[in-house]
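The chains carry the letters A, B, C and D, assigned in the order they are written, with residues numbered from 1 in each.
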Amino acid sequence: MVKVLGINGSPRPYGNSFQTLKLALRAAELEGAEVELVNLYEFEIKPCLGCVSDNVKACVYPCPINDDMVKLYPKVIECDGLIISSPIYWFGVSGLLKNFLDRLTVLENMIYVDGRSWLDGKVVGFIAVGSDEGAIALISNLMAVTNSFGMVIPPWALAYYVGEGSALEDSKLLLDSANVGRIVTLMAQVLKGLRKPPTVWYRADDYYRKLIHDIATEIRSNVEYELGITPP
Amino acid sequence: MVKVLGINGSPRPYGNSFQTLKLALRAAELEGAEVELVNLYEFEIKPCLGCVSDNVKACVYPCPINDDMVKLYPKVIECDGLIISSPIYWFGVSGLLKNFLDRLTVLENMIYVDGRSWLDGKVVGFIAVGSDEGAIALISNLMAVTNSFGMVIPPWALAYYVGEGSALEDSKLLLDSANVGRIVTLMAQVLKGLRKPPTVWYRADDYYRKLIHDIATEIRSNVEYELGITPP
Amino acid sequence: MVKVLGINGSPRPYGNSFQTLKLALRAAELEGAEVELVNLYEFEIKPCLGCVSDNVKACVYPCPINDDMVKLYPKVIECDGLIISSPIYWFGVSGLLKNFLDRLTVLENMIYVDGRSWLDGKVVGFIAVGSDEGAIALISNLMAVTNSFGMVIPPWALAYYVGEGSALEDSKLLLDSANVGRIVTLMAQVLKGLRKPPTVWYRADDYYRKLIHDIATEIRSNVEYELGITPP
Amino acid sequence: MVKVLGINGSPRPYGNSFQTLKLALRAAELEGAEVELVNLYEFEIKPCLGCVSDNVKACVYPCPINDDMVKLYPKVIECDGLIISSPIYWFGVSGLLKNFLDRLTVLENMIYVDGRSWLDGKVVGFIAVGSDEGAIALISNLMAVTNSFGMVIPPWALAYYVGEGSALEDSKLLLDSANVGRIVTLMAQVLKGLRKPPTVWYRADDYYRKLIHDIATEIRSNVEYELGITPP
């Protein structure tokens, strides 16, 4: 069994970042992953203090800052795959997500204690959604960051949508984000020796398109229900 | 008279981001600017809530979030030039600075109220310092962001240093950061009709090098004194 | 009088990059600029040889490579404003345009001969058009490059469009690209002492919108005519 | 057996990009790969014509442009791993390499013919070397591009060096670039079912450091010999 953790970096409940991430995680479940979705806005995450500037060994796990990261670190440590969903805020991730990412440095820095990054070999995928441009600038940065953490970026690990309205109405985004969930799971399974590499990574057949479309419809309907009883 | 505001995005008192910014502001003063240095870590700055996703007019000044940005907005509104100094955190700005920048959206969005961004025509310069690479990735992003706010990027508006130790020992950084302060000031003066454009923007003559070197020595000496009485 | 040079980095005659650049140049003319449009595909531009790695003074004007850059350098040297229009090729500029930009290093490097970059103080604006994402990644890079050349980036110096079909049918792109042409011209005039800074840089009034729309219609109609008699 | 192809994007024979790539390929051989190094400057590679703008199916293999890419496509198609080494030219790849990358679009676009990118599942690593900053901006872009081609980015797939002098004198670069070669090979072997995933991807033990150091010394000595008999 592989565990896939979804990180929602948007401050907004039930918005496009959440919905698209939800779809990716549903697609991960279809491949046999155990999944969990974390809304960062539900946690207090203070900015990194940059202790590493004084001494690289001052920045190791556990991080000296006392906040809700204490609840999030174990989830990251235990996952085999990570899917990061960010709204596009001025051509980059939200400040909320930036603080989370900066704070992961303690896990990478375990290389100075254990000879091994605690993120080494985990698989990662990316979702970026916004009303203005910048998805590739955002995702390019996340790729360099997570790969420097020691993470694996499997094929087609990126899904993005730039525009107004509901992202899940865009058929390309639907398929791309489902494949992010699917491919992160498959790669994590391969790297744990649980399965052979697939012949084709990106799935785009009609049966799959229909399946994903139906799941997306269900997600949107649930979100509308939630928003109905939980006014924004 | 022009006002130049320096924003220190580092969480660390008296570090390289602070020292380099201090130098840039001293160079701005030499050209006649009134300057102020703000350490973001002294203020509580909550993450942007992305209200703009609901309605562009929900994101206008004053921002509905209740925190210390109420003290910072007037400083940004009143300045003619802005110098942003960031540590390089995973190839980007600190989360602290990202939150500050995201929260400036309300000023840019005044275009929907007044027909004019409240940042339109202000001049901006950039400093990035870190122990690992990523300065250009960071500054490229800030250039696109601030230009989209409506700000002017004058010639040679970037100074960066990647390495260990004291940034102010690097002679190229010294001259580059002093010129950021100088050039932001000159451009702000030109755009206010206070002076003619200079013949040469970047100043690198021996007299200026010596002057900047002496100021840098004084800044480092003051920092050592402060750190002596305020242990890190 | 100021001269504004438009560089079309697309290999395609009469495509979106060309049309959008044409519109920006027409808007520049409205403000009194003398304009010229260069299609890079009409010139042989060999890749930079990186002589600067041996010796910084080996990379000064005139560039030792013998090709059509000899016709383009004088145009760049004489212009007061430059507008770079690039198609989005894999989240960056075309290889054609990259070669052109790399070859401009000799002008910047005159700083080692004259104490002054030959691009110092020129004004620059950017247009990026493509069918897939990456406009901001592309423009962010160009901003850092041209600012490192010593060029001025005036407010709102970026216009971009991501999508299929004719870019000039997008009303936001129309207004943004016209303003790139307008604002590059105004800033060049200010920096030559030919006029005072404008009160508002970005023009969006109804009269201007109508005017730009009409010019765009004329450009598209001319392009259709050209494509009719000059099959692609 | 896996094949690893090294692409040298520098126009300069025997320079830092070449030497570092050579080291990565030697490290790949140590893990059992069959390797080949291609100097792009030995081939005529014309700029992409952007046919995809007219019709996505106009951009499929074989590319209609008649030049030396006809010799390079088979090498790319047959490799299991690809290592791209670029000099840092204005915060991005060389124009030479940009043309090569743009021209690979026909392979990715086979998705419209075969339902599968011809680059799907190949493994890729990156080397960037230059005298000025920009390595991360360059590599971030290449990561987004190659992942959009369908390629796998294994852990720690990036090595970079910014500075003057011989890159191979920098011990961090040595180890990082050897690991790029090593890890690209291991991942390609895992994905072909030739071996199990390694426990630790990045190797930094003393024995390996010594081995890599010795290989680097040999490479530098060979280069000096070549430069002696082939004046630059």
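Here, a contact is a pair of C-beta atoms (placed from the backbone, for glycine too) under 8 Å apart; a residue touches a chain by one contact, two chains touch by 3 or more.
All figures in this text were calculated on a predicted structure; none of them were measured in a lab.
Because chain A and chain B carry the same sequence, their contact can be compared by residue number, and over half of the numbers here are used by both. The interface with the greater count of contacting C-beta pairs, when A-C is set against A-D, is A-D. With centres computed as the average of Cα coordinates, no chain lies farther from chain D than B. Here the spacing of chain A and chain B, counted between their Cα centres, is 31 Å. Per-chain CA centroids place chain A at a distance of 37 Å from chain C.
The centroid of the Cα atoms in chain A and the matching centroid in chain D are 27 Å apart.
With touch defined as above, residues shared between interfaces to two or more other chains in chain C number as follows: 91, 136-137, 140-141, 144, 148.
Note for the complex: chain C touches chain D at residues 10-12, 15-16, 41, 47-50, 52-54, 87, 89-96, 98-99, 101-102, 105, 131, 137, 141, 144-145, 148, 232. Of all residues in chain C, those touching chain A in their complex are 91, 133-137, 140, 160, 162.
Residues of chain D that touch chain A in their complex: 111, 115-117, 120-121, 136, 139-141, 143-144, 147-148, 150-158, 187, 190-193, 196-197, 200-202, 204.
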